[in-house]
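Two complexes follow with chain A in common, the first pairing it with chain B and the second with chain C.
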Partner chain A sequence: MNRRVRLVLLMPSLAAILGVLLWGYTGLPNFGTTISSYGQFIDRVAEPQRHVTNLVSAVMFDYRGIDTLVEEFILFASVMGVALLLRSSREVAEQRPRDVVTSDAVRTAGSALAPVMLLFGLWIIAFGYVTPGGGFQGGVAASAGALLLWLAGSYRTLRDLSPTFLVDAAEGLGAASYIGIGLLGLAAGSPFLYNTIPLGTAGTLASGGTIAALNWVAGIEVAAAFVLIYHEFLEEYIQTFTYTKADQ
Partner chain B sequence: MTYYPFVVAAVLFVAGLYGAITSRSYVHLAVCLTVMQASTYVLLLAIGYLRGAAPPITQGQLPGTRLVDPVVQALTLTDIVVSVVVLALILSLAVQAHRRAGTVDPDKLRRIRG
Partner chain C sequence: MTSGLTAVLQAVALTLVGVLGVGTVLVRDPLRQVVVNGMLGLSLVVAFAVLQAPDVAIAEVVVSAIAVPMVLLPVIYKTHGGGKG
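Entry: the complex of A and B
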């Protein structure tokens, strides 16, 4: 089938899809007038019931904890896929990548900001169930610190400061601990992922029971997953970089 | 009657679908999938929005304040994380395709066997 025929076939079907979508959406309640009864229920009961003030975290790590477990495993499987695809086919010959930063300004600002970014990420994770934030967002922010290390130093600095075995271990432990915390519920004679740890006082760091623990576990897993993705893709980039430099 | 955000979601979805179908490069395809997924963020957040309501954080709010829907926000969070890692997976497939076949055009790849 050539390109023109494909486009001719495509246009009516896309128009039909758009029409059906718009028709379906007109059946939704008006924008901004009402929310689902599930949402209303959680808004009402989450703080008294679970002693957390960030209701999104309460949904993520408690009420819909099993969904987040599945999501963690999608994350885990995808990152393993990336690592398998890129690691297996890479040429083993180790080259010294010539990605040395020449600008003092970039080097200074980057080295100063990398620990700040890491701390900022950890802070977002730590208060994830009190104020806006959470394990997933904080994990991404913390992993950006690793990216800044590469920007300020070199790929080698990044690899030295985040050794692969440590990142792999953090990634695996993050996924395993989520299940482990879920099993705590079973051990206490309640359902899987049931919040069995004492709930503490709402609005403080000592609150939420398993929500706090799952929040940290998710944060570590996400941070490790992103650092791993950066490793693999930067390795690709460094390789092409060295080749093109050598070709010239 | 206000449908505006829903229309944005529908248009984003169809635009992404158009791009994905007519795509000539895996990298372009990955970007189009991201656009399609962005339509789901818009839709989810639009469904959970309540005019004049506060964010679903009870810290520092008076009791009884109307809050927006936290469930769809949690769904959106899941959606974003999954979209990013799947994007990484697709891009690594594109890197592999380029390494093996020297092209990221799906039409040209079809002729390659084994």
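Entry: the complex of A and C
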């Protein structure tokens, strides 16, 4: 099939896509003018109902808690796939690839920033239902602390300071606890994921009931999932790096 | 209604998103693409922030600054013969 035939075949499809897009865009509300009725409803009822000041987390971990459960298990399943494909069947710590940091600046900056990054991530998780932030964002930020451990030390430092069994347990328990907290609702005779824990005072850390709990377990799950990805991807990278060095 | 300054910021941020989005596709070298993609991420962060979506802005920060480069860089290194290709 030559270039001309392909172009002729492409044009009608492109035109159709453009048409559907334009048709869709003309039906949208005007830019920056309308807040949907669902948004207005949440604005009005979420704070009195759920005692949280970040309404996004009220939607994520309460009104649409089941969506977030599925979202979390998408991450869980992908990380399981990474571990299944890349993790060695019998892991021996002594056989892990070895690398060293050559730059003093990287070592110093990395060492200084690793705890800061971890604390920053935990802070984003902790205040997720009070101010903007939450389990997912904070979890990734906290996992960056582990990445900085690798930058400041070596791959073996990272693996020693984040033991595999701990990361696996945190990831599995984070995912399982989400379902466990959902079952609390069933145990109290309400629907799955219903907010049954006392709601506390809005604007403080002791607020939101199950929102606070789900926020934390999601944060732990996400942080552990990303550390696990770093373990496997960095191992691949360093192996390639070492072999390339040996070739030269 | 949004004030004049906010409207200008929104216009600048959205223009940057458009330019850098197209730029990411046009750059052919994967390593440079990661860098341009990072700048696209930054412009999206600014866009979400001026559109009053701080939660999404924070999510975009962690995804574009930590998750995406972290996954892409080792893969590019491995598939391009140790950074020589």
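Basically, the second predicted complex is superposed on the first by the 226 of 248 C-alpha atoms of A that agree within 3 Å, B and C clash if a C-alpha of one lies under 4 Å from a C-alpha of the other, contacts with A are read in each partner's own complex, and residues count from 1 in each chain.
Just so we're on the same page, contacts are C-beta pairs under 8 Å (C-beta built on N, C-alpha and C of every residue); 3 or more make two chains touch, one makes a residue touch a chain.
As the structure is a computational prediction, the values presented were derived from the model and not from experiment.
Number of chain A residues touched is higher for B, counting chain B against chain C.
Of the two partner chains placed by superposition, only chain B is touched by A:Ile35; chain C is not.
When both complexes are overlaid on chain A, the residue A:Leu205 reaches neither chain B nor chain C. By the touch criterion stated above, A:Leu234 is placed in contact with chain C alone, chain B being left untouched. Once the two complexes are overlaid on the shared chain, A:Gly81 sits against chain B while remaining clear of chain C.
Within the superposed three-chain model, A:Leu18 lies in touch with chain B and out of touch with chain C [touch as defined at top].
With both structures placed on the common chain, the touch criterion links A:Leu147 to chain C but leaves chain B unconnected. By the document's definition of touching, of the two partners only chain C reaches A:Ile124; chain B does not. Across the two superposed structures, the residue set of chain A contacted by chain B and also by chain C is 32, 54, 56, 132, 134, 136-137, 229, 233, 236.
Those residues of chain A that touch chain C in the complex are listed here as 32, 54, 56-57, 124, 132-134, 136-137, 140-141, 143-144, 147, 226, 229-230, 233-234, 236-237, 240-241, 243-244. By the touch criterion stated above, chain C contacts chain A in their complex at residues 2, 10, 51, 54-55, 57-59, 61-63, 66-67, 70-71, 73-75, 77-78, 81-84.
Of all residues in chain A, those touching chain B in their complex are 3, 6-7, 10, 14, 17-18, 21-22, 25-26, 28, 30-36, 38-40, 42-43, 46-47, 53-56, 58-60, 64, 67-68, 71, 74-75, 78-79, 81-82, 85-86, 89, 130-132, 134, 136-137, 202-203, 222, 225, 229, 232-233, 236. Residues of chain B touching chain A in their complex: 1-7, 9-11, 13-14, 17-18, 21-22, 43, 46-51, 55-59, 67-74, 77-78, 81-82, 85-86, 88-89, 91-93, 95-96, 99.
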